[in-house]
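One structure is given here, and the rest of the page talks about it.
Chain lettering (A, B, C and D) follows the sequence in which the chains are written, and residue indices restart at 1 in each chain.
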C-alpha cells in the first residue's frame, strides 16, 4: 500500500505519478499567481473570499502531500529505521521548503499574533515556487555546476565583501562631511558600494567630491573584475561538466582506439 | 520554368540569384529606414505621399517574392505532395516572418479598422529586418550555438523568473507601506526587480527602507551571478562548436599521425 | 645612412632605438596630458602661451618622425619600388594615425577656417594616444584575439543593431503618445535602447506605460544575453590562442613522445 | 624556544597554532565591525570609551603578533642572515599590511597632528581585513589565476584608459558648450566616462546633444566589450589552472594506460 503511494509521489515511471506531479506543479504556479494578484488592492477587496478559499484548499492539499511523503519514508530509505528515516527526511532541504510553504497557515491558529506580522508571514507562501525545483530535471546540470564550483564562488563573494567594506568605509570618510544625509554611516555607504560594485548604479547616492569620484571610479572598474570572476568560474564549470559527459572515450574504447591519437589499443 | 525561378530565389550559385538577394536586402534596409524617418513628424507631414508610395511598392515586391516562394515549393520539397509542401512552407519560421511583413498592409483593405490600431500594425513592418537573416550566412554559427544551448539558457531564464518573483514579492511587502506609489503591487515591483537583476538600474524606483536595501543588494549580487550563467553557457557553446570543427584528429588517425605534432606514430 | 635611420626608428635591437621609442612615447603621453590640462579654463588663460609652444614643438618632432618613416620606406619594403612602397606606407593604419595626429596643426595654415571648427580639430590631437600601440608589444595578443574573432563579433553587433532598431521602434509607438518629449522619434528612442541593452541605464529616459515597461524588461534581459555573446566569443578566442601557444607538443616531439598518451613516437 | 613560537604563528600542524589563527581572525573581524559601528554617531557618543579601549587592546595584540613574526624571522628564512631576513620580512606584502594596520595608532603619539587628519588615519584600520588573506587557503587559486593573467589584465586596463581618455576628451568638446556645469573640463568628463564604460550609469551626468548621445552609445557598446575582455582572460585562466591540475595523463603514461579511457596501450 505505502509502496504504491511512494511510487505515485517520488517515481516518474507510472503515468499516474506524472499526472500527480503535473497537478502539484500547476497548484504551485496558481499559488504564486494568487500571491501576485492579491497584492492588487482592488482585486483583494472584491474577491478576498475567493483568495482565502483557494489558500485554504491549497494548504490542505500541500499538507496531505507532506504527510504522504512522511508516511512513505520507509520506502525512500529502506536501510534506515523509521524514526531515523523520518528525522533524515524532515531535515532534508526539500522537506524544509515544503514545511515552510504550509506552516504560516497553521501558525495563526496556534499562537496569538497581531495582524501586521501575520501579513508578512503570508509572504512565505511565495517559497512554494521553490517546490518546483523538485520536479524540474533540467535544473540539475545548473545545480551540479554551482555545487562543483561552490568554494571558488564563495571566495569571490568573500573578496567582494572585503572590497565592499573597504570601499564603503573609505567613501564614508570622504563623503560624510559633504553629504551627511547620503552617507550618514558606513552601513549606509554599503548601499552605494553594492550599487557600484554590481554596476547597477541607481543614481540615488553618488559621490560629489573629487576624491569620492576617484574611489567610485576605481570600485566600478573593480566591479567589472568581480563580474569577470564568477563568470570565469561558471564558464570553466560548464566546460568541465560537458567534457566529463563526452562519452567519446567509451565509443573509441568499443572499437579499441585511443580517442586522442587514434592508435589501436591493446586488447 | 519554376525550376529557374526557384534557383533565382533560393540558390546562391547563379549570378542573377545573387543580384536578386542583394536587391531584396537593400529593399528591407530601405524599409526599416523609412519606418525610422516616418517617425519624425515634420518629415512625415511634408513627404507623407512619398512614404506611402514607397510602402506600397515595397509591399508589392515583397508579395511577389512571397508568391514566388509559394509557387516554387514543389522544387524546395521534391519529396512532398504540393499541398503538404505548401503547408510545410507556410508554417515555416521564415515564411511566417515574410507574411507578417506584408500582411498589415492588406489588413485594412479587408477589415474596417480604427486609425490608431492601424498605426500600431504599421510597426510590424520593422519585422522585415529579420528577413535579412535568410541572407546572412554568418548568423548561422551564432544560431547553432544558441540552439545547442537552448535548454541550459531556458533553465537560466527559469531560475531568473523564480528569483524575480520571490524578490519582487518580498520587496512589495517591505516597500509598499513606505512608498505606495512606487510599489503599488507585486507586478509593479517586477519593474524594480528586472532593473536590478539585469543591473540596468534606471533609478526611477529604488528601496528606501533598510530591509528593502538589503534585499536589493542581495538581488544585485545574484544579478551578477545571472550574468555569469548565460555567459558561461554561451562560452562553452562556442568552444564546443570550435572543437567539433577541428576534425583534425580523425584525419590524422586515418593516416597514423599524432594529432598534436603531426609526427608519425610507431605502429 | 637611411639604413641607420631605419634601424633607429623601427627596430628594437639598438640601444639608441630604444631611447628613441621611449622619447616618442613620453612625448605622446605629455601631449595627452596637455590636452587634458588645457581643458581647465583657468590653466589655459594663465599658461596659454606655454601650451601653444609645447604644441608647436611636439608637432615639429612628430613631423620629423613622420618624414623619417617615409624616407626609410625603401628599407621597410625592400621588394617594392619607391613609389609603391610610399603608397603602401602612407595608407597603412599606423601612418594614417600618425598623419591625423599632426595634420590639424598644419590645416589652419593652409585653409581659412572659422575659430570654432579649429577648436574641434585640436581634439584630433588626442589620437596621438593611439600612436602608443605601435610601441606596445603586449597589445598584440589582444589584437590577435579580436582579429581572429572579428567576424563573430560583427555578427553580434549586427544582432544587437536589429534588436535595437526593433525595440526602439516598438518603444516609440508605445511611449510617444504618453511622453512625447522623451520619445519624439525613433532615432531618439535609440538613446533609451542603447542605455538599456548595454545595461548602463542612466535613468534620464525610461518607459512609464505598462506595455513600455514590459518591452524594456524584455530588452534588458536580452541585454544580458548580448553581454554573454561577445564574452563567450572572446573567451573561446583567448583559449584558442593559449592552446596554439602551448608548445608542449614541440617539447614532446623532441623526446619523441605523443603529448596526449605519452607513447613513444616512431623516429 | 623561537622554534615553538614560529610553529605557533606560521605553521598549521599544531592545535595551538590553529587556535591562535582563529583568535587573530576573530579579532580582525571584530575590528572591522568596530570601525563600522563607530561611524554611527549616536553609538560613538555613548560608547566612545569602549571603542577606544577595544582599539588599544587590539593594537597591543597586533603589535605583539608583529614583533613575534619579526623575532621568528630566523626560522622562516633559515638560509639568510638575521639582518637580511628581517629586511626581506619587513618589506614583504603581508608584513607591510600588518604594519599599516597598527602604525596609525602609534603615529599620534609620535608626531603632533591635527584631529581631522587623525580621523582619516583611523580608517587604515580597515586594512586589517586584508590580514585575513594570510589565513585563507582558498584565496590562493584566485590569486594564482590573477597572477598568471596579470599582463593580459593590465593590457585590458591600458586599452580601457585609452578609450576613457579619448571618449572623455571628445565628450568635453561636444557637451561643454551646452552643459558647462556637468562637463567643466576633461578630468570631470572622466567621471561620465567611467560610469558609462563600466555600465554603472548613475545618471547624474549624461549627454544631451545628439553628437554626445552618439558618442555615449558607442562607448557603452565598447563598455560591453571591455567587460568581455577581462571575463575572457579570467575564464581561460581558470580553465588552464584546472587543466594543469589534471596531471592524470602523466600518471597514466607511466603505467602505459590511455589517459581518457584507462585502457592499456598496445606495445
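Operating definition for what follows: a residue touches a chain if its C-beta (ideal position, glycine included) is under 8 Å from a C-beta of that chain, and two chains touch if they have at least 3 such contacts.
Since we're looking at a predicted model, the values are computed, not measured.
B-D versus A-B: which has more C-beta pairs touching?
A-B
Most remote chain relative to subunit A, going by C-alpha centroids?
C
Once the Cα atoms of subunit B and subunit C are superposed, what angle does the rotation have, between 0 and 180 degrees and to the nearest 5?
When the C-alpha atoms are superposed, subunit B turns by 90 degrees onto subunit C.
Among C-D, A-C or B-D, which chain pair copies the contacts of A-D, with over half of them the same by residue number?
It is C-D that reproduces the contact pattern of A-D.
Roughly how far is subunit A from subunit B, centre to centre by C-alpha average, rounded to an integer in Å?
29
List the centre-to-centre spacing of subunit B and subunit D in whole Å, with centres computed as mean CA coordinates.
That gives a centre separation of 42 Å.
Show the residues in subunit B shared as contacts by 2 or more other chains, in ascending order.
If we look for residues of subunit B contacting two or more partner chains, we find 195, 199-203, 227, 231-233, 235-236, 239, 258-259, 265-266.
Considering the complex alone, what residue numbers of subunit C touch subunit A?
199-203, 231-232, 235, 258, 260-261, 263
Taking the complex as given, what residues does subunit B use to touch subunit C?
By the definition above, subunit B touches subunit C via 32, 35-36, 39-41, 119-120, 123, 126-127, 129-130, 132, 136, 138-139, 141-142, 145, 153, 157, 160, 190-191, 194-195, 198-204, 226-227, 230-231, 233-239, 242, 258-261, 263-267.
Report the residues of subunit C in contact with subunit B in the complex, numbered from low to high.
Of all residues in subunit C, those touching subunit B are 151-152, 154-156, 158-159, 162, 165-166, 169-170, 172-173, 176, 184-187, 195-196, 199-203, 206, 213, 216-217, 220-221, 223-225, 227-229, 231-233, 235-236, 239-240, 248-250, 252-253, 256, 258-260, 263-266.
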